[in-house]
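Following this line, the structures themselves.
Each of the next two complexes has chain A plus one more chain, namely chain B in the first and chain C in the second.
Now for the complex of A and B:
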């Protein structure tokens, strides 16, 4: 399997990358780790005329603790997070998510920015960052903008990213109170994309709970009903199932009975995972 | 065509490549290093595993142009590597290969596992190998070989 021919340029700055990306009449694409894009090139699902390598841009590497939480550069690899090279304010949630992405060889080069830019509905980072309430930092033609990830991801493989915009990274807010999380993922074989993945985050005992679901759905979703019931300390499984059913009617109306049962049990197990911590 | 300079198994190599050329094709077709095998060419089988800047990666998922100025190590570069010598011996003794097509990728990954997770148990090895496909052995021999090699390397280094 070989890609169709394209030109290749290494961008030295974000501004140069943006001006290359916006070229009229040319199909352009940005590449960093390439762990999703290269297979798509080889399968000729994506056929760019110009490939712009943004893998060396310093502006995309800014990572560290800020007053508000953690800033993660877009070029941070899954392996960097798995190996604890990114500061952790979330009780190991991101490390756990990272270690479950595909295989080590993919994690060595695949980046968190690439995962969000592609917005695969079954990917691990969109659902995780959504549950954590992260903002996406984006370089635009006249500066930079920041957008909640829930608004940034607009659908299956669809984001608000304009042709010449580049993800700089993510701001993930810290929790003032104790944070607990739960995670459950169903995959047909280890390393595969999820059939169903649920992440739940609880900030303090006051009931600020986020539940996010992804996998065989049209895009990752925040589930408000189950979040409210879990936040209120509801323990009855029947009540929780009814709450999940309401959320699934809204976010996955096309799900057949198998998928409905699968997502329901994934969410319940994520809740259980959190409550046993 | 673009000219790339790669530090390949310790030696500088400069070569013209097409931008769409994968590192795997560069290694096999231009450098005639055929230990790197190509199975699926889209990141599923891991027969083409190499190290780029010391990090294990699939050479079918890296463009050769992206390796300009970087170091690449293929299985050929590990002929005299101590851990690889132990792994080769245990692969032989545990019958960890039949046709041998996946073996270069298995050895590259096995070495990476032993460096990151010294003296792994069978379950750890199975988890770490889940991205590698072997269609002959059923993996049992491969897992045994890596566990045994890990124990031997651990004994020698005192881990």
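Now for the complex of A and C:
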């Protein structure tokens, strides 16, 4: 398990990185924290000819409170968020999610931008940012674009990112009303990717609820039906289960009885987690 | 170092391990740290099919001299492996494939380049053409008459089938209670922290082949290398540097060992292969993989009567030299009665070839399976009778008054108090409080359950036992060489191989006890066939009994000579002298051991007339009864289980165990805790599933789950100390016990959590999916049955 040889360049600017990434006829890849990419290089699942290190790009470190919410730079590590180094407008949700990602050694290097770019269906950030309604900021060949994360992630390991595009960071909208959240995650063991993870966010008591699910489904999904019922204050477990069943039929049609049971339980526990906070 | 001896001296002292400092500072020397100039790395072309004919291996023309097939490294003498029984079928296992591959991961060719990455590039450029054959994957189906064969010329797929009949099993047909259960431990890897590795070169000065090998026993490996490569033994030197765990997985001759040594002799410069984790999961020894189809019989009053049925051991594609996996079946059969007064047995055991990686020994060997089977069955009988499982155990277990007790399958359980062990575990886990808590229910919707499991652990078994097991190499003794240098310090050479057991400390404690000096004055040396005495290595919980005994015997002989010299120097009668605190004390004076050592080595003129100089002894040792002594214990565990997700959490874990005299109680506790970590792995996490084509589905740690610190509770350990009668100091081996009982205890606890609905938990690992599916099945059965 040793990587094949590749060329390696440390990019100084986003423009330089983009022009290197777009080289015709060359298999290129960008690396930041490397916590997923390096094992994939070693297993030769990914075999680039040119590896472009974007870990020093200042444009990817822009983090702070904005009028609309919070801007988080793509190079922000899971540990930065876990340690509260990123401003928090969401009652500690992102801190809690960060602290549950893999192991601390990986959190020290792994970045939120890398996690979203890889779009592992079982990863923690896609569900969290979906539930929070975040937008992805992307550097393009002729400037920058912004896209809701729900559209940006298109499937397992699939995003709208073009070959020469680079994630700059994320804009996460603030809530005008009180925000509550719930989180539940099932892993085979500590540090493993989730078999099932659900994040629920309620903005105010008026019913603006988002529920996101990931794990052993084809990709992270927003679940509209259960979100609607939870937003309406539904408490009957039978009703909630029926709502979840409708969502799972849409987003996880291949799920067998165990996965259906697992996801249902995860979502119900996330709801309970929110309501007992 | 806290070198405080207890009141009784160094035996039983809680001494910090001598080994710890270098490992904590990262200054150990493992095989990948061995720096030999000019070394080149090997990577292997491995089979991607489970069962296939090898049609062609095409080397890239520009690098053909760097790619080795079997024809390039020969001639190799392939040794017959397995027990020395004509009924055991031969499964010739060449170091690189001949015209057939029989499991995914089998070595086909070796590629040599200056770095491992380049060697892997070369692997990618070798073209292998395989003709795929049907894969034999399911162990029970493999025994059907119409199954294809792993070896074409065999009449069926069994390496060997054996039958055990004891007592009067016909009488069981009319027993009031008869429960049939199918139980299974799935296949797993051994997952030593350091993988395997081999580095070999020809030493032109010494005219010998030097083989650095990450192994549990270098002497026996030298024997095999010599025979397979056709070099006399005095020209083969095996060196095991620091070895980062083995657990059984480094105690067989493996194809890579032979191939690398053979290539080193062809190319004339050092070559090495360092196993990576993917190779480890794919092609190191695999373990467990027992299937039981059993009927347990009992009386209405709870008396357990007998066990009948079939045992299937999925031994994989080849038997590994020397002994193969045959002892799995025999040990499973012989341990299946557990510690209970079960007198009737009828067992058919099949050691079966399949298209999977070969099975090898792993901490606990067979007994985790046997203990899982009997301890699950005891709980199932208890549930059938509406009894508390703990009470049923207590009713049937052999009492202290009955020891020594010969079990139906012929093991002689020697010393101890099994009932006391049960009772201590019962009290520590707090059974009544748990029953009350269960009645109240959990606020988070989970269920809690408590499980008990009792185990025995045979150790110290020697010649008689291994002859009975038909071993090819009989590890019937160990040896030690003790050498006191002129300054009174000691070099102690042993044939066992420390790889995490703390031998550098515990064996020094024994020597210090005999010699009356500080353990800090004693260096324990091992792992180099050029300097050590002959021995068999470290496995089967044997080191403290055998090497400890040999060290005791050698240093006692040394102490005797020291006293004789001391008596001479003191002009005293030897009977009036004693050794204490680094001195020989006489009736009216004392002389230091340092002075005596100097005389013995460098001033022969100070020795008694006619006495040979030097303080050096080599001793061999075997216990007085080579049938073995039995450590034992009870594990009790409290779990919380989510019925929907199926996730199990361990809330409390208690052990009450007896390993006889403890040389160093901290090392004992470490062995118990570490064994339980691996037992938890078997119980809940570790598994290498194969699909129907024989493809392994867990080849990285992303798919192969190993318990880490958060999954392993701090075990609360209680010791009972009943010294063994047949060993030096009354010790019993205890290296494996921790790993034996957890699958049984944890499965019993999960079953207890759902005993109201009668869910079955008879297959490990009890993954969230298996647990949730078992609960779901039982709920549906209950609904439809109601």
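Heads up, the rule we're going with is that the second predicted complex is superposed on the first by the 277 of 277 C-alpha atoms of A that agree within 3 Å, B and C clash if a C-alpha of one lies under 4 Å from a C-alpha of the other, contacts with A are read in each partner's own complex, and residues count from 1 in each chain.
The rule is simple: a residue touches a chain if its C-beta (ideal position, glycine included) is under 8 Å from a C-beta of that chain, and two chains touch if they have at least 3 such contacts.
All values reported here derive from a predicted model rather than from experimental measurement.
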Contact-wise, after the overlay, does A:43 reach chain B, chain C, both or neither (first, second, both, neither)?
both
Partner chain in contact with A:186 - chain B first, chain C second, else both or neither:
second
For A:258, is the partner it touches chain B (first), chain C (second), both, or none of the two (neither)?
second
Just checking: does A:35 make contact with chain B only, chain C only, both, or neither of them? Give me first, second, both or neither.
first
Per residue count on chain A, the busier partner among chain B and chain C is B
Between chain B and chain C, whom does A:79 touch in the aligned arrangement: first, second, both, or neither?
first
Which holds for A:53: it touches chain B only (first), chain C only (second), both, or neither?
first
So, does A:8 touch the first partner chain B, the second partner chain C, both, or neither?
first
In the overlay, answer first, second, both or neither for which of chain B and chain C A:106 touches.
first
Going by the contact definition given at the top, which residues of chain A touch chain B in one complex and chain C in the other?
1-5, 39, 43, 189-191
Once bound in the complex, which stretches of chain B touch chain A?
2, 18-20, 22, 25, 40-43, 46, 49, 52, 55-58, 60-63, 65-66, 68, 109, 112, 116, 127-128, 130-131
For chain C, which residues count as touching chain A in their complex?
115-117, 120-121, 124, 276-278, 642, 644-647, 685, 700, 702, 705-708, 710-711, 767-769, 772-773, 776
Residues of chain A touching chain C in the complex:
1-5, 39, 43-44, 186, 188-193, 195-196, 257-258, 261-262, 264-266
Tell me, which parts of chain A touch chain B in their complex?
1-8, 10, 31, 34-35, 38-39, 41-43, 51, 53, 55, 79, 102-106, 108-109, 189-191
